Every structure is written in structure tokens, then in C-alpha cells.
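Here chain A shows up in two complexes: once beside chain B, once beside chain C.
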Partner chain A sequence: MSECEYIEPEVLDKIQNICVFMCNECGQGSANTAGVARMAYEPAIRIVRVQCTGQVGPIQIMDALNNGADAVACVGCCLGACHFFNGNILSMHRIKLMKKLFKELGYSDQFVNQYTSRAAEGETAVGDFEDIVERLANAIREEGTIKDGC
Partner chain B sequence: MTVKEEKIDNIKSLGEKVVSADNDEPQIGVFVCHCGHNIAGTVDVAKVAEYASTLPNVVKAEHYMFMCSKPGVQLIKDSIEDLGVNRTVVASCSKNQHGRTFTNAIEEMGLNKHRHQQVNVREYCSWVHQKEKEKATDKALKLVEAGVNRARKLEDVETRKIPTTKAALVIGAGIAGLRSAHDLAELGIPVYLVERNSTIGGHMTQLNKTFPTLECPQCSISPLTNGVANHPLIELHTNAQIKNVEGSMGNFEVEIEIKPRYVKDNCTSCGECAAHCPVEVPSEWDSGMSMRNAIYKAYPQAIPATYVRDKKACIECNTCINICPVQAIDFSMQPETKTFKVGSIIVAAGYDEYDPTEIEPYHYGQEGYEDVITQLKLERMLSPTSLTNSQVLRPSDGKIPKSIVMIQCVGSRNDQVGNQYCTGVCCKFAIKNARIVKEMYPDSDVTICYIDVRTPGLNFEELYKSAQEVGVRFIRGRPSEILKDPVSEELRVIVEDTLSQTPLKLKADLVVLSAAMVPPEGIGPLGSKLHVLRSKEGFLKEFHIKMNPTLSSKGGIYLAGAIQGPKDISETVAHAGNAAALAAAPLVKGYIEKEMLIPTIDYDLCVKCGLCKTVCAPAAIDIGTDGSPIVNEIACKSCGMCMPACPTGAIQLLNFLDDQLLDEIIAVSGGGAVCE
Partner chain C sequence: MDVKIFQFNGCNKCFNETILLKENSKYSVQLISHPKNWKEEKVDVAVITGYLLPEDKEILEKIKANSKRVIAYGNCTTIGGVFALANQRGHSVIPIKRIIEPIIEVNGCLGEIEELKLAIEGSEKPQLKNLCDVCQRKRTCHYLDEVHRQIELNENSTCFNDLGFLCNGFIAKECKERCIEYNTPCRGCKPSVERSGIRMLGMFGTLMGNIEVATEHSVKGATDKLADAEDDVTQSLPDIVGNFFRFTLSTSGLPKGRIPSTGSLLEDVFTGRLIEELPLISGLLGGDKWISLTLKIIESYEEANEIEVSEETKKNRNKLLQLEKELQNAIKEEDPKLYRKVTDDIRTIAGNMNLSNIFFGGFKSQIKDNDNFEEYKTQVFDVVEGTYKNGSVEFTIDPIGIVKDIEIKEG
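Up next is the complex of A and B:
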């Protein structure tokens, strides 16, 4: 993590739980590959298995944030390679709308993000996780955690 | 396998919830695996097991060295027998690795395999947080809690055996369709082969030579065309089109419309009718390089050999009716529709050659630019049965061209046209044709203007080298324009040689455009009838580009050949063979097994907006007569995409219900609502 960007310990302390919805195919696959390769990432990342990122709706995202998650992310297959045809694209549009909603509500739009990963490459998943933490750290520095604003 | 035999006939019981009736209190057994030191070295497994035992509904929480070993599995079995555990949670490795071991174990004890919840504390926790043991243990606690929460409401999911119809439909009788149909028939499966044109064989019969070995395509394909035409298990319908497709994997009902040939089957193909027909129109099969009559046979070796009347061109002079020695011609024939039941469908609709009229600077098809032709036309000229007697002659004046310029990537790798893809075969056939022409006319200049020469694969680089050796000139650069010299009336190809950075004006007696392969005409309506998705280029979209390039977006419908994307003949044949094998599997087996992990609809909540139907990629949601959605259990792929689309939450995927996910989310998010 520190290779990309230094995150102050006081900011890192505020990152406790990040709820990551990973699809059953490339999402889970890439996290497994990352695990097999022992690629370290932030322990705040908590993975929830869903069938497809297209299954994750606003209800799930809001539930996670409401129950104490600091950020939510969806990790699906690469665009064009969704195992259920276009679930990742659906999810991407949904997350875009969620970001708009967050902005309108006065929160940072970095609390919710969509990513893609490749089952064969653990780096893609770890890269996604690092990006989640980085974006969240930036948001916390600028505006505080989602709990502060609540 | 706990498959309920009596449910086999119960295919149409739609909307019915397939959950076991028992409302027993969840008794959860939690098993934490050490995995040697893999998990225990980082995560305090004893603490995890202890914490798990405090969670509600947990009756047994244990940790063991290797859960996947026989004693480990026995622990699970014993807990089911002794303590009445009815839902199991194993915190060990990934679901892919040992999920099956544990589901098999609980199945042996009579529990449904969907009552098992696998928690991955190795790949997702211990292996990636080896330096942060405390935090890893904390995370493992949360993950196990989430698993227990999720397991609490897990329901039984039935595996159903669905009988399949032992017959297959193949759409398109080109090389791909013929290969698939023949392979299926050889497996003993009755095949309905439907072809839009009046003859079978497709584009391959039009070619002169096939690369890289310069073999005769007609000779390569004729055993297959004859084999298909004479196979007792193949029912061939030419001049036919798909009208309607209903049903799903294993059981389709297909309606086709067969246009009349106006010539009865007793035709001896003597050719008297065509010889006396007064009407002449350009031959489609010959790419317009020769003429045919209004009553015609596409080419002498065509199968079926019966003549066919082109109703649009015919002037109804009745000469053919009078002259036919066997009275085979009948103008009163009517189109007929046929319906048949099939289990699998293979789409082998092939491709069309890109029409370059769209590219204005090349003036293809315009007055005064007759000498700008496509590669397929050049193939027709070179072919042994051509009007030019296999000579390359300028269409404008019939002279042998002194200089031939071939232009690559016409219609492909072109953002202005909208086709970003590389067709992949144009380089190969252009090099092949250039070599053939250069060998025929050593005095002529043959030039290929290319962007990149793409000749991957065995024998193709050798073909490229051999073309260079015989003296074919290669210029790197995409021509900007084809001009006509106003004085000499000769064609000039304007191109920049990007390797030497010199602008060139090439004199050309004949310009050959290597046109791309594009989706065939009418693929849009066909795709919508089959309910399959198309890629943005217009080809039918495969299920997964790497793992299953043959299955379409809908189960039971397979793709063969160039309909999935541009392919050469070898690739097409391999693809078609794969399609046949995949399509045959459920038919040979006689049934498909399907886990009924499907969404259920609460019709009290449903507002009949139809949004679930719009997001359903495999088209598994139908709208009933009263406007309410019905889930097609067999077509459903259990992706759950319909769930968030529903504005009222009426549609819920079994075992992924909103409240089941909520339970898991509460645990992983730290628990305890922030805002009340």
C-alpha cells in the first residue's frame, strides 16, 4: 500500500470495514489468485460473495454503509467478459447513479466504486483493493468518514 | 444425487417456490480449519471457534487440523447425526477448492447441498494478511459471523432432471453448418438443417483455392455436402427461414417458412429450362461476375441439384413449363411452414463480404470504376468454372491487367466505417491471390497496400515469404483514394509508403479491395427470434470469450463459425465441431440437470412494470397474459440481475434474498446500525 501512496495512521485507523461485493466468477477468482500468490492488502477489505455484480443494488450498498461499512465496492469481470453477459455494465451504471446520489446528499462520491478484475491475475484484485483504500483515504482527509457526516 | 424422479414431468410448474417444507429451527455447525499452518499460523483458530459458538443458532463450533481430510469430514457428518445440525459452515479455503468436498459430505447425510456455507479464511484472510495477525483474526471472526448469518436462512434448492428432445436444428448450411449437422447426425441425433439460399455449401464453394496449401475448396467440401444431403438423419430445408423460436434449453419449438422452388423434386437437372429462359440477371453465387437465368441452378455442382425459379426476375412466359421433359415446373407452388421440436440449436449463419460502396474515396461500384473489385470477385474470376476461363481480366475492357493493386483492411480496422476489429483472414487470402496472379502473369506488377501483414499460425508466414519471393510488392500504408486519370483514364492509387515516408501514386489496371467479413444480412431479426445477444459489431455474442466461445448468451443455442466473429475455414470447422459436441451432450444424455436456483416472484408486491424482463440477459422472464412476469426456470442462469431492477423487491433469487444478503452484510460491515 505504502508503495503507491502514504496513508497516515490516523486516517488508516478510520478505515475499519470495506464491504466488497465480488462476483462468483472473475471477482472471486481474482481474489483467490491473489490469496494463492500471498499478495498482501488491507485487512479492512471484507468480501461478500454475490452471483454477479449486477445483483448488487442500492439496497445492499446502503445496507452496508448503514451497518458500519466505511466504503462499498463492486468487483466484477472485465467489461465484455461478464459471465452473465452484461451484469458488470448494469452494475457500473448503477454505481454511477449512486455516486450522483451521494454527491447530491452532500457526501463524497468515493464511498462507492465499481471495479473489474481478472480471475487469472491476482494483481488486478489487489490493485482494485488498493485503489478503494486510496480513494477512501482521500475522501476521509477531505470530508471525513461517512459516519462523521451521518 | 438427490434428484426427485417424480418431478420430471413437472417442468411447467412455473412460479412455484421450490423450497423444502420443513420449517425447522436452524442448527448451525461451524468448523474452522487450521489447514496446517496456512490458516492457524496467522489466524487464532481457537478464538474463532470460540466466538462462533457464542453466535445464535450455533450448536457446534470446532476447529480441526484438516477439515478436508477424512476425519475432518467425519466431524461434520457426526455433528449432523448426533446434534441434528442442519446447516454447516466451514471456514477454510475457497469454495472452488473444497466446497464440493463438504457439500458432498452433507449430501451423503441427507441434507441439501445448498445448506452448506463456505467461508474463505485462507485466500481472503490468512494468506493475504500474514503480517497482521491480530487484524487477520478480527477479520476471520467477522467472516465467520457473516457465514453463520448467511447459513441461518439457507434454503433447500432442488436439482431437477429435465428431459430433452433428441433432435437438433442447424441454421445455415455453409461449411460450419454442414460440419455441425454431419457431426450431430453421426452421433445419432436427427438434424434439421435450414438454409436460406437455394443451395448448400455457402461461401466456401465460391472460392478458387484455400490457403495455405492452395487446395481446391470444392473438392474439400463436396464429401461433406454429399454426405449431408444423403444422410438419413439429416432433414435438409433450402430456401427456408426461421419464423419463430419458442422454449428453452433442451426443448425448443421452431417454426420455419419454406419458400417454394417452383420446381418439383422429379427435376432431372437437365438444364433445358435455363437454356431457353429469356431472362438474364447477375448471378449472386458468382458475385455478379456472370449471368444466370430466371430459372437457374446456382452452379453445376449445386446441391440440391433441383433447379429453382427466381419469382422476382421471372416474366412468366411459361417457356420453361412447356419445355421441361418431366413436367417438373409448377408456378402454383405455395410457401409452407413447418414446425419441429428440437433440443439444441446451432446458429451457423456465416458472414457477408463487406460492401465497400460506403467508402467514398475508393469509388467501388461507381460508373467508370468497374475495375475496382473485391477479393471475392477476383476469386470468382480465378475459379475453374469462371466466365473468364480462370483468366484475370479487367471488367471494363476484358484485357489482362498489367498492374494489380490490392488494398487491405477495407471495412475492417476502420473507425470511420465503425468496424474496429481485424477480420484476420484478409491478409492471408490477399497474399494467396497475389501469389497466384503473379505466378500466372509474371510480367504484371502485383502490389499489396497493407497496414500490418497479419499472418499468424502454422504455414502462413511461409505463404507470406513465398509471395515475396515470387515478386509480390508490399507497401505499408492505407491508400487514401483511388483516382481516375482524366487524360489516360487509368486508375491511380494514392498511398503513402509509411516505411520510407514517400507519397506514391500507383498506376493500377485493376484494384482489388480486401473487404472485411461482416455479420450476414438479416442477423438482427434472427437474433431477436432466438433471443440471443449480439456484440457491438453485430456478430452473435458468445457466452465467454475464453471459456466457452461456442455457447451463445442463451443456454441450448450454440454458435458455429463466422457468426461468432471472423474466422478462416480451419477455425470454422473446429468451432463447428465443438458446437456439435456441446449441442449433442444434453441430447445424448437425454436430460439436463438443473439446480433450481431461480428467482421467485411475490405477485402481491409485483407492479407488472416488466423491468426484470428488460435486464434478463438469457431472456428467462416472460410476460404472462395478465402482464405479470413469469420465470422460465430452465432458461434462468441464476445471476440475480433482476433483483435490483425490481422497484418493489418482488423478485428475489433463492438463497440470495435481500434479507439473507443483509444478514451477511451486517456482519462484514461491523454490525450495529449507524443511523436509526
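Up next is the complex of A and C:
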């Protein structure tokens, strides 16, 4: 965690719950590998196991945000490596539209993101988690949390 | 039975439609256009129309306390309606459910008068099919290579969505206004599911599968991640709020918009929308000047960009303006027979009361069976940046076609 940039306590205080949908194949695989290697990550990360990130749509993302999540992220297989067909790409399309929707409403587009990871490398999942926290921290510094506007 | 209709804010389209209740002598109907001045009295059925703001709470509670049943009629009252688009810019248009409960809801823009009659009589709601089940167009369900903002009128057998033209029919119930029959995709004014806009966003996002989405290398994760940069996906849908949440922004569960307001609530409804959507939005607004407002917007753009308009188109437009005047008379006299006749005539030319058939450069579908459609057919037009002015309306659009600001001086 040494590479993680410094986040002020008042910002960190606002990052309590980050809902991460991880696909059952590469996403969970890399999280398992990270667990075996005893890698540490931010305690605000809450992992939800899904069969494929293609299963996660705007409804699930909005449910998470409306029920207390500070940010939502999806972690799927690498591009071209979806274990089904193209679930990770479809999910990216929907999340991209969600990002645009948040921008149109005057919010930061960092509350929803999508990542990929490799099952054999635990550091890809942990790196993704660090990136989520860093981007969310930047968004909170600039524009406040999503709850500030509700 | 004693029926009282209360009009709150916004356009009077649904309120005016209730004049048709007077055709039926079974109940005594009274139209109240200023509920603030209403003297409290017992009512059998109270019908609420128009959009609601938090300050209407007091009057609504009074109405609720004095009436046996309360019916919310029209989208503005039930789910926020087109005026809730102003919530993107910090206004708080709220659905009736957040103020009083329980209420009977009749959705639609324009709400259907037959459904309202059933609700007044206390009958059960009719079971309606999904719009796609009654649509003539056939689905292909292939991923889209491109999203189109304006439709080619020659293709009328394939589903709008499969042509790359966003249609909300998936999440809508069948209706009588039927924009789809006038080469206009459904705007989803009668949602068949909760949070319809968000569901449609997921559906259309999936359908956009073949359009390239930008990804970038993630330094921390050492793999790829979704990029923040603009890409084909975001560029093909410049106005997500206006297209997917046209009627449901206040009930969609999205956080309230933080974009600064540009002026009045009405102007905030228009700001941020696309130029090709402008006639469709002003057509929804109703009131007694909505035909002239829609035509003013269209004509200002046509004149400035030299879009040719045929004599036949002009003739039909003038007829519509004439009908608008007759409609004003019918409303003034509260004459149901005249009102029905005039609205039927408007529907013949403009398609429906939402004016779906009117567009830039002409009409979208054939008006009469025996006339030559080619003479007044609308064409795909180019988006040109600039400021357009016509009488009381003035608006500016940016290179993509998004309305930057708009000024509407009357009504």
C-alpha cells in the first residue's frame, strides 16, 4: 500500500462504503489470489459476487448508491476474455452512459467505474481497489459526495 | 356524483381534456383553475392535474381532507412529467405520491379520458399490453453500429431501436396517442415498470454493444479500465436526461440535479435538450398556445438555415394555427362537443395532441390517404450552430445541437 497517495482524514471519513461488483471468473479469481497472498486493501471496499459484470446494470448501480454506497465499481474479465461472451464490454457501455448521466446532472462521473483484472494476479484487483479510492477521493475533494446533492 | 377538477401548475392540456367529462350527464363536473381561491367544500371525486411543487402541499391536503377519492390525472401529477426535466437544474417538481396518499393514478401525456372516466366510476384499471406487443415494426435485436438522431422515413417495418433510433416502447404501455404511428419513437409517457428511465438506459446501453467504448491502461491495476474520455458511446447520446427521463426524472431515484438554473422553470425544461427534440417537447406542453410555440421554434430554424418548406406544408400549418384559435374558444366556453370536434381535427393533421407529426421541413407521416405525401414530407436536416429568433421565442444551439439558452416571452 506504499504507493497509495495521501488522503486527508476528512475525505477518508466520507469514504465508508464502496460497492464493488466482481465477476465470478477473473474478478473473484484475482480477489482470491490477493487473499491467498495476504495483500491488504481499503476496508471501505465491499465486494458483491456476480456471475458476470454483464449482469450488473443501471438498476443495480442506482440501488447501491441509493442505499448508502459512496461509489460503485465493476471488476470484470480483461477485454476479449469474458468467460461468457462479451458481458464485460456490454457493462462498460452501460457504465459509460451512467457516467454521462451523472455529468449531465452536475455530479462527478467518478461514482461509477469499471475495471478489469487477471485471476492469476492478485495485485490487479488490489490495484483496482486503490484506483477506485483515489478517484473517489479526488471527486469528493472537488465536488463533494453524491449524498450532498440528494 | 360531484366531480371537481383542480389544475395546479404547468400546461393545461390534461385540465382542458376534462371538459370532455361534461359530455356525460351522470356527474356534475366543475373545473377549478385556481385551487388557491377554492372555498373548502365536500367533494365526491377530486381530480388533480398539472405539475406539483412543495408549496402546493397545503392545498392538496385540504383537497384530500374534503374528498372521498383523489385521482391524479396526467403524467405531471403522477410521475413529475415533462416539467420534472427542470429538476436537472435544481428545481423541485415532485410527484403527488410524496405529498398525499393513497391516490388513484391515471398516467399519460395526455392522460386518456376513458381511463379517467373508469377511475371516476370506481371501476378497475384496464389491463394494457406493452407497446411493443401492439407495434407493427419487427425487432431484429442486433447490436447497433451507430445511433441515429433523426430517422429516415423510408424504413417503416423495423423496430426503431434496431434502426439506432431510441424508442421507449420497451418500458411503455399501449396508448391512444401512439406517437409510433407518426414515425416518432415512443417517449415512454405511460411507463409499464417502476424506474422506467433507468431500465431503458440499461437496455439501450446493451443494444449499443457494437459501438466502440474508450478504454485506457490502468497504472495501478496493470490492466485495462474504462476511460473517462469522450467516445463514440457518449457522443451518440448527447442528452441522456432528456431522452430517457423525459417524464420520470422526479421518480427515477436519481439525485437532484446540480446544474445552475438558466431562468424560469419552463426555460430550464428546454435548456440542454437537442434541437430535433424541441418540437416534441414543446408539443407536449399543451396550453392554448402550444401549436404556435412549436411552429415558431420550427420556422425560426427553417428560415435561418434555408430548409425548403412546400406550399402544402404551409397550408397544413396554417390550418393548425386556425384550429388552435378554435380550441381556445372551445376551452373558454367549456363546450365538450366543440372541444371534441376541434381536437379530432388537430389529431388528423398533427397526429395526436402531442403534435408528433409536426417536424422541421414538413410532416412525418401522411395526413390524408389520397394526398401526395412527397409534397410535404420532412427530410433529415443538418444541425447548424447559431441563435434563432422568431417573435417571442429565441434560442441558441451549440455545434452538437444542444440548446444552450432559450427565452420564451409568453405563456
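Convention: the second predicted complex is superposed on the first by the 148 of 150 C-alpha atoms of A that agree within 3 Å, B and C clash if a C-alpha of one lies under 4 Å from a C-alpha of the other, contacts with A are read in each partner's own complex, and residues count from 1 in each chain.
Here, contacts are C-beta pairs under 8 Å (C-beta built on N, C-alpha and C of every residue); 3 or more make two chains touch, one makes a residue touch a chain.
A quick note: this is a predicted structure, and the numbers were derived from the prediction, not measured.
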When the two structures are overlaid on chain A, which partner does A:93 contact: first (chain B), second (chain C), both, or neither? second
Does chain B (first) or chain C (second) touch A:48, or do both, or does neither? first
Partner chain in contact with A:34 - chain B first, chain C second, else both or neither: first
Considering only touches as defined above, state whether A:17 meets chain B (first), chain C (second), both or neither. first
After the superposition on A, what does A:66 contact: first (chain B), second (chain C), both or neither? both
When the two structures are overlaid on chain A, which partner does A:57 contact: first (chain B), second (chain C), both, or neither? both
Show which residues of chain A both chain B and chain C reach, each in its own complex. 57-59, 66, 86, 90, 94, 150
Sites on chain C touched by chain A in the complex: 88, 195, 198-199, 201-202, 204-206, 208-209, 211, 213-215, 218-226, 228, 231, 233-234, 237, 239-241, 244, 253-259, 272
In their complex, what parts of chain A are in touch with chain C? 3, 57-59, 62, 66, 78-79, 86, 89-90, 92-101, 104-107, 109, 113-118, 121, 123-125, 127-128, 130-131, 134, 146, 149-150
Touch list for chain A against partner chain B, complex: 16-17, 19, 28-29, 31-32, 34-36, 38-41, 43, 46-52, 54-60, 63-69, 80-81, 83-87, 90, 94, 147, 150
Touching chain A in the complex: which residues of chain B? 94-96, 120, 122-125, 127-132, 135-136, 138-139, 142-143, 146, 533, 541, 543-546, 553, 615, 617-618, 637-641, 643-645, 649, 653, 656, 658, 661-662, 664-666, 668-675
